[in-house]
Structures are given as structure tokens and as C-alpha cells.
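Two complexes, one shared chain (chain A), two partners (chain B, chain C).
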Partner chain A sequence: MDIVTLLTQAGVNGLVIGTMYALMAIGFTLVFGIMRVVNFAHGEFYMAGSFIAFLTYAQWQLPFAATIVIAILLVGFVGALIEWVLIRPLRADELTGMIATLGISVVLQNSALMFFGASPRPMPEVISGLVRIGPAVFSWSRIFVIVSAVLVIGVFWLFMQKSRTGRAMRAVAQDREAALIQGIDVERIFPLAFGISVALAAVAGALMAPVFSVSPFVGITPMLKAFIVVILGGLGSIPGAVLGGLLLGMIESFGATMLGAMIADMLQLALVIAILLIRPSGLLGRKEA
Partner chain B sequence: MRMKLLTLSVSTIALATAANADTMTVGLVAPLSGGGAAWGTAMKGALELAVKDINGAGGLEVGGTTYNIEIAAYDSHYNPNDAVTAVNRLIYEDQVAFIVGPLGSAPLAALVPVTTENKKITITGGFTPIAVAPEHPYSFRAVLPTQIYAAPQINYVVEKLGARKVGSLFPNDETGQTMSNDIASAYEAAGADASAVDYYERDRVDFVPLLTRLLAQGIDTFELDGSPPQTAGLLVRQLRELGFEGNIVRTGGDATNDILAVARPDASEGLYVHMEYDGSLPSAQEYQQRYVDAYGGTMNAFSPLFYTTINMIFEAMQAAGTTEDSDAIVAEMAKMSDFEGPAGKANWMGQEIWGTARQQYIPYAIGVVNGGVPQVIATCSLDKCE
Partner chain C sequence: MNSSDSTAAGRPHEREGTMNRFVLRLGLVAAACVIAAFVPGLLPNLFYVHIANLTLISGIFALSLWIIYSVGQLSLSHAAFAGIGAYASALLTLRLGIPPIFSLVIAGLLTATVAALLGSVILRLRGVYFVLVTFLVGQMFTLVALNWQDVTNGANGLISISPITVLGLNFGPRPMFFYFAFGMFMATLLFTWALTRSTFGRAFNSIEQNIDLAEICGIDTARYQVVAFTIGSGIAGVGGALIAHYIRYISPDTFTFHNSVAYITMLVVGGRSLFWGAVVGAAFLTPLPEFLRDFEGLQRIIYGAIMILVLRILPGGLISIPDKLARLGGRK
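Now for the complex of A and B:
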């Protein structure tokens, strides 16, 4: 395998992981930007998405598009409900809200453990077969993840930029009081933002489930990576989350391919520390007033 | 008067029965969740079936007392800390007679000082040399380690497949390091280059970057040994996703059913697998059917091996006339030979290699996955496979 092939393989795999990290991090940073709450249960909504994919696609054999729609609607609705019932009463104190999300995380993970057991469950691919471009080989299932994730991120981007609700969300994230003065119903924006945030995590989980496998613990690593990504990209910055996700995915893929797993892990965190030393607010983050 | 005598007799019998009937608890510490769960649940199934046999026959009679057997089982999560916590509970709270487990070198290395100090017999699946060592006289191993079968099996596979450059990935811990050394030595001795090696953290699921790195080194064969069953399945699947058309070999630790489930049969076709015993034996097939009837799904091949060792301990307890004197039980176990179990005749070995004969030996085999089913192509002795 020549160096060009090696780099191409690493690049495509970096895109797969990077878009997944970006999907996770966008939702994570959206909630932080708007509500100032670090959602520690974000990984559990990824896990919920993967189990919805397992049930609807692998067990009930529904079309995968239906799986994605069900994951978005179901997890989005449950997320909005959780915000309304559990986080809203604690909104005055950011720390209490974060601890509440930790509790939600434990409840969701243990519920999955009770219902589905701890063993990983394999899932059939959405698209099988390989694509060969010269000596480089890619699986359709991974390319499908990249294309789907880019589409979801694109739709989300359009929603935030063009729709009235999206603009209202951005306004709340920029300045809550000014948004209130402009007549934006913040009480409606909060559960909506939380629902959209966790629905994005669920989409990431549903897309990755056929590539890897499904278990109650699948959300732990993406959650940790989302944390790193939002710090890297800038807390509350959606473009920063996309950039940070892709960057981390690329570092992980190229690092592991060229230098091995252990060095890649060290390199990732060393680079994050280096970037934060130079830009403490992250790559595209704004300095706190 | 006759009524009084009858009542007295019944009371006396009841008292005598109560005095002679007792409960014995057997412990289990094994990975019942996560990547190694296929092995751990197979061990648990073996213990449950052995206990069911004995309780169903009226209990285990040892030294005039009939014991009803209970099980205390804990999940080690394949983690040394959790395994030590579980073993402390088994010894000090549950007061078990002996322990089935642990699995994995790292958990075993962490807890064997505790079991040795407390003279608790353990039946392990850990491949570390610590598992069978004179300083740990109560530690027995039910499963053959890589060190024993690697050379004959790899010699056969290298000759048959013409493997020249072998790639492998191992978990980044004691278990992985031990296996990596054994496997590399065996391939080098057979004339193949096994230097394309890397290590991964056990929670990893995306191996594509690491596999790409190995493929770039020009490997023609990939060795799956050392990875838990589900991970081995992911490795096969991701190797094929990268277009790898070379040989894939699983030298040890039965994982065939999980590999087939995760990677699917088409990706697993032609896979060379280690078979813990000759699966064509009628007794093995009978046990497998019993296991599947009891638990559903598929059976990992570790189960009949542990079932055999568990029954050896029960028989040794009867021969020694004690459930508590581990030294006497161990002495009786050492006398056993050609012990009939579902996987074939079991014997003890290891005196020359480790200085103590605490390794259960049952002849093993090599299989090739054909049409989604592993088929025996060679049976093996300690020296060679043919």
C-alpha cells in the first residue's frame, strides 16, 4: 500500500469519525450555548438512537430512513419533555442542572442495561459492498454515514440560519435578555433546543449502530469526544463544533494509521492542550464578557 | 403407644435428615457483560448445569452429609478491580467452597494472592503463567492456554496457508501482552514474520485506522487471537471492509459463533479457527444441545471444559470426604486421569512446563468455517496437528 492510498484511507475514515463527532458536538454545544447547561446525558441519547435503530431496523425490519425519522421524533420529544419536567425547575442554578443531567444519564444507561442486557448486539449493514478507487477500498456503509451526517448537519444549519425558530435560538444563545425584550418566548426555546440537541445525538447513534454494534455503553466514548470537541471548537460555537469534530476525527484517524493507537490517543489530547494554550476560548469560541 | 412411637420415629428421622442436609455455595466470577460475556456466560452455564445435575440427583454426599448446592455469581466485567471485589465477597460473605473463574490474565493476576492465602480452589481461564504455578496450588485452569496450542496449531496453519507476514491486534493489558508474545514466538518459529502488531484499548470499536496501518505493512494473514469474541467479529468485518482478502486465523479462545454473528458468514468464510475440543464427539453434541435447550442462542466451547473441571472438584470432594479441606481435595484431584467429560477424556498436565500439573488437557482441533459452520480439518495433540 503506497503512501497516497494510506493517506486516502485515513482521510475517509477520519471523515466518518469526524462527522459523527461533529453531530454529537453540535447538539452538546447547542444546549450549552442556549441554556448554559453541560448535558452529561448526551451520550445516553446517542445510545438511545442506536437502540432505536436496532429495534426498528434490525428487529422490525423497517426502512432505515424510517429508523432515522423515528429516532429524531422519539428522542427529540423525550428530550424536550425531560427539559420541561426535570431541567426547567433547576434552571436557576447551572450546577444543579448539570447534576440533574448526570442523574438522567445513570437512569437511561441502567434502564437500557435492564431491558437489553450488557452484551453488544451486532446489526446488519444499511448498504453492503465495497467501493474501490485505485488501490484504496472503502465500504459503502461508511460512506453512507458520511453522506447522511453531512445531510443532517446541512439541514440543521439551514434551520438555524433561515427559519424563524432557528434565528430565535441563536438570539437566545447570544443574549437571553435581549432576546426576551425582542419578544422571543425563551420558555419555548429551551425545551425545543434540548430536544433538537439530543435528537442530533440520536441520529449519530442510529447512523453508527450498523457500522459498530449496539450496547448500553456505546454512548460513553462519543460523549467524551464531544466534550473534547466543544472545548476545542469553542464552547457554544456550532461552527466550532463542526470544525473541532472533523479535526479530532482526522487527528485520531491519521494518528492511529501513521503512528499507532497509543501515540494517537496521546497526540489528540496534547494537541487539544496546545490549541487551548494558544486560544483559550477554543478555535471559534467567543471570549466570555 | 404405637402412635407415640411412630411420632418419635418420624421426629428422629426428620432431625437426622436435618442434621445431615446442608447447603454448599459455589462461587463464580466471570465477565457476564461486555466483550468477554460470551466466555463468562458459558462458564456460568457450565456451573448451573453441573449443579442442576447434582441437586437433581438428591445433592452431593460428602462424608455422610448431603449438600444442596447454591451458586453465588458476580460479573467481573473483565476488570481486575471488579474481579477482586467479587472474590472478596465470595470468600468472606458468601463463604463459597470453591470459585469458578476468573477469566483473563489481568483479573487472575490481581486476585490469585487472595485465593491462595484463603486456600480457595479456583478454575480459571486466564492464560497468564501465574494461573498454573507451584506457588498457587489451588489455581486450576480448565482451558488450554495459547502457549500450549500455539506452536502445533500455527505450524499447521502456516504450512497449510503458506503464511509469510502475519498481522495482529491485541488488547493493551496483561492478557494481550501475554498472548502477543506467545503468538509472535510461535509464528516466528514456524517461519512467518509476525512483527506487524499493535495494541488497542478494550472499549475501542473502530479498528479501521489500526487495520489500515497493518495492511500497509503487506500482511497476508491476520491473527485474531487475544481479542474477545465480539471484538474478533468486528475485526473480521472491518478487515473485509478494507478489502482484505488474505487469510484470517483465530488460533485460540473459542469465538466462532460471535464472529459469525458480528461479521456475518460471508465475511467469515474460510476462517481458520481453534476448536477447544473435537466437536464431532456425540457427548459434545449432546452437551451443546442441552446447553442450547436451557439457554437458547449458541454455546461457547468453553462451557463443556469448565463443566468437566467442576465435576472433577465435586468428585474429589466426595473422595476426600470434605468440602472444606482444600489440600485434601486438591490431592484427590491430582489422582484423577482420563476423567470422562462431554468434550472427551480430561487429564492433568503442566508439571514439566510450569512445575505443577494443574492444567486440564483435552485434545483440541482446528476447524475451517465453511458455509457458516466450522468443520474439523485437523485434530491436535501436544506436539502436532494432523
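Now for the complex of A and C:
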């Protein structure tokens, strides 16, 4: 394999994991920006999305589009409910809210472990076949993941920019009290934002289910990466999450191709510490008051 | 202890009260020591002694995590520091033949040094960022422990680590180890207690309550936070070394993120406001999963559920129950 092929393939792989990281990080950063809660259960909603894809697509043989819709609605609804019942009373204090999400994460992950067992399940690909562009060969399934993720991010961006609710969310993220004065029902925005956030994680889980396999522990790595991404991009910044996600995906993919996976992982953590030292608010973040 | 006397010196009555409480607590500590002397003989079998030992070690972890919490920081790398101490102590005895009683101390100092270096970098970060980075540090530890084959033996871990012996006394058997673990636990407890009564403890407390105000009052908050992080993580390193020489086998799985979360659960369930809470939490939660061994996932679910329940219903933790009851009684 020549060097051009190797690099283009690393680029495509970087885009696949990069868009997935971006999907994870957008939701994570959205909840922090609006509610000031660090959601340690974020990865478990990714896991939930994976299992929904496994059940509806691989076992019940529904079309994949239906799988995505079910994942968004079901996980989004459950997420909003969890915010309403469990996080609402505890989010006044940043640390307490965070500890609550740790508890939620433990319960969700081990419930999945009890119901489905620990062994990973493979899932069939949504689209098979290869596409040849010049010297490089890509699988359609990878391109499908990239296109779908970009679509979802695009819809989310339009929603945040154009819709009344999306604008209300941004207003709350900027200044909760000012938003309150403008007549925005902050208490309704919170569960909605949490629901949307975890629904995005579920979409990422469903899209990636055929690429990786499905198990109760699949959410841990994407959540770890989401943490790294939001530190890179700035906690609370959505453009930062997209940029950071793509950047991390590329670093990981090229790093793994050229230096090996272990060194690539180390490199990421070193990068995070360096960013924190030089620019603690992240690449696109605002300085905390 | 002197500082508390001098602040109350103007009011002899109050001073007498604090003195009485102090003597009472000292009496409690002495009583605990006397009772502990008979515990291994009284427990029905070795399984219970084993659980008692694990509880004491958990107590050390929870107390040391409380020290870090007392400056308003939540560490998710506590298990990682325990792991660093465990691997350091195990390797010192296995490779260099250093007696465990010394390697224990060296491991603690080494862990504290790592924590001090790391802390001086990451404690510039407040609250959320700090927690995220400690989470990453925990993951990094697992990664290194798994992949640095030559030293850590990867996923297989280190086996046949020698037990602790002091002056010919072998603390390897479970009932004997109980006394050693109890000694270490009491040392940690008394140290934490003394710390809360010292100027350090007062500074810690003021930082936890209002970091900006503490800073304005001329308290070097960053320095105190590094000190608390160093002490807490160093003690965790000794605790990890204790596990290594007690179980005599360690692997990356012994010190995961889940362990860190378990220690946080102990703090929350016991009560975060006072260091006694950490002890109560460890004593309540450590034996619990041991009796649920048959249900693999269930023990963790119960841990998580108890944590959420306590946060919702009893935010002060178990140690706030007497106060709550007293208030209920008073209202009637």
C-alpha cells in the first residue's frame, strides 16, 4: 500500500470517529452550557443508542431510518424524564449535580449488564460494498456514518439558530437571569436540552453500532473522548465541540497509523494537559467569569 | 489542639465544653481500639475477618478522599493513585527485595510526589475542569498499567507479592492483617482529625465554603489545594500498597474508575461535611456488596441507587440522621 492510500484512508477513518466525537461532544457541552451540569452518564446514552440499533435493526429488521428515529425519541424522552426527576433537585450545586450523574451512569451501565450480559454482539452493516476514488478504497458503511452524522449535526445547528426554542436555549446558556426576564421558561428548557443532548449521544451510538460491536461498556470510550473534545474546544462551546471532535478524530487516526494506537492515546492526553496550561478555556471557549 | 484552646480562652465555660467533647472523642477512639483487639476472635469465620479488613482499607481511601474534598475538589483519580502506590510497593518488594514495611512508606511518598507534580499543574483548574482531568488521569493510569508490559506485566498483573512482616511478626494471615490494617486506619483517622483542628484544616474549610472569600482573606488557596491533593493522594497510595500486600495480587482491574466512584459514593452516603462521614460511609457500603456476590451487576446498581437516594432524601448523609431525628422530635 502506498503512502497516499494510507493517508487518505487514515483521513476517512479520522472523519468517521471525528464526526462521532463531535456528536457526543455537542450534547455534552450543550448540557453544561445551559445547565452547568457535567453529565457523567453521557456515555450510557450512547450505549443505549447502540442497543436500540441492535434490537430494532439487527433483531426486528426495521429499516435503519426507523432505528434512528426510535433511538432519538426513546432516549430523548427518557433523558428529559431523568432530568426532571433526578437532576432537577440537585443541580443547584455543580459538584452535587455531577455526583448524581455518576450514580445514574452506574445504574444504567449495570442494568444493561444484567439484561444483556457482558459479551459484545456484532451488528450487520447498514450498507455494504466498497467505493473506489482514485487510488483509495473506502467502504460505503464508513461514508454512510459520516454523511448521517453531518446531516444530524446540520439539523441540530439549524434548530439552534433558527427555531424559537433553539434561540431560547442559547439565551439561557448565555445568561440565565436575562433569559428569565425575557419570559423564557427556563424550567422547561432544562429537560428539553438534556433530552436533545442525550438523543444526540444515542444517534452516535446507533450509527457506530455496526462499526464497533454492541456491549454494556461501549459508552465509556466515547465519553472519555467527549471530555477531551470539550476541553480542547472549550466547555460550553458548540462550534468548539465540532472543531475539537474533528481535530481529535484526525489526531487519533493519523497518530494510530503512523505511531501506533498506544502512543496516539498518550498523545491525546498530553495534548489536553498542554491546552489546559496554555489556554484553559479551550480553543473556542469564553473565559469563565 | 492549641489553637482551639487559645480561641476559646476568653470564655472558660465554652472552653470546658470543647475540652469535654475532646475527651469524650478521645475516649471513643480508645474504646474502638479495645474492641478492635477482640474483633478477629469474635467474628464467626475468616470471610467476616476479610470483610472487616476490606472495610478498614476502604475507610483509609474514603478518609483520604475526604481530605481532597475538604478543599472543594472532587478527585476521580483516587483509585489511580491507590494503583500507583500498589504497583510501586509491589515492585519494590518483588524486584529489589525491600521489606514491605519500608516499601509501603516509599510507595506513599512516591505517590504523594506524583500527586504534587500533577496537582501543581491541574489545580489551577476549578471545579468541573479539575474533575474532568482527574478522570482522564485515571484512564491514563489504566492505559499505562495495561500496556507497560515489562514493568506491570500488563493485564495479568503482579502475583505472589510478599505479605507484611515486622520484627518477625507475619501480618499475612487475615486475623493478623486485621491488626495492621486497624493500626493504619487509626493512624489515618487521627491524622485527619488533627488536620481538621490545625490551621491547615481551618484554611481547607474556608476554601471549601467560599474560595473567593478565602482568597481575599489572604489564604493562598492554590497552595492549600495542592497540599490537600498531595496528602490525600499519598495516603491513597499507602492504602493501595496495603491491598497489594494483603491480597498479594494486583492488576489494572483492581484500581479502576469504578473504584474511584465507589469511594465518592462512600463520602456522599456517609456525609460530606465531616470526616466521620467518610468512616461511616465506608463501614456501611464496603460489607454490602460482599453479601450480594451472587448478583454480579446488582451490587453496583444498588451502590448507584443508594447514592442517588441519599442525595435526594438525605443530602447530609448518614451522619446527619441524629440531627434530623432531634429536629423532628423538637418540632413535635
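Convention: the second predicted complex is superposed on the first by the 289 of 289 C-alpha atoms of A that agree within 3 Å, B and C clash if a C-alpha of one lies under 4 Å from a C-alpha of the other, contacts with A are read in each partner's own complex, and residues count from 1 in each chain.
Criterion: contacts are C-beta pairs under 8 Å (C-beta built on N, C-alpha and C of every residue); 3 or more make two chains touch, one makes a residue touch a chain.
Everything quoted here is computed from the prediction, not taken from an experiment.
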Would you sort A:13 into first (chain B), second (chain C), both or neither based on which partner it touches? first
Just to be sure I read the superposition right, which of the two partners does A:276 touch: chain B = first, chain C = second, or both, or neither? second
Which of chain B and chain C A:212 touches, first, second, both or neither: first
Could you look at A:262 and tell me whether it touches chain B, chain C, both or neither (first, second, both, neither)? both
Determine, under the contact definition given at the top, whether A:228 touches first (chain B), second (chain C), both, or neither. second
Figure out whether A:139 sits in contact with chain B (first) or chain C (second), or with both, or with neither. first
Just checking: does A:130 make contact with chain B only, chain C only, both, or neither of them? Give me first, second, both or neither. first
In the superposed arrangement, does A:253 touch chain B (first), chain C (second), both or neither? first
Have a look at where A:114 lands relative to chain B and chain C in the superposition and call it first, second, both or neither. second
Taking the contacts chain A makes with chain B in one complex and with chain C in the other, which residues are shared? 113, 220, 262, 265
Per the contact definition, I'd like the list of chain A residues that touch chain C in the complex. 32, 38, 86, 89-90, 94-96, 98-100, 102-107, 109-111, 113-114, 220, 224, 227-228, 230-231, 235, 262, 265-266, 269, 272-273, 276-277, 280, 288
Note: in the complex, chain A contacts chain B through residues 1, 6, 9-10, 13, 16-17, 113, 117-120, 122, 124, 130, 132, 137-139, 141-142, 211-213, 215, 217-218, 220-221, 252-258, 260-262, 264-265
Using the touch definition from the top, list the residues of chain B that touch chain A in their complex. 32-35, 37-38, 75, 172, 198-201, 203-206, 208-210, 212-213, 215-216, 218, 230, 233-234, 241-243, 261-262, 264
In the complex of these two chains, what residues of chain C are touching chain A? 72, 74, 121-122, 124-129, 131-133, 135-136, 139-140, 143, 147, 257-258, 261, 264-265, 268, 295-298, 300-301, 303-305, 307-308, 311-312, 315
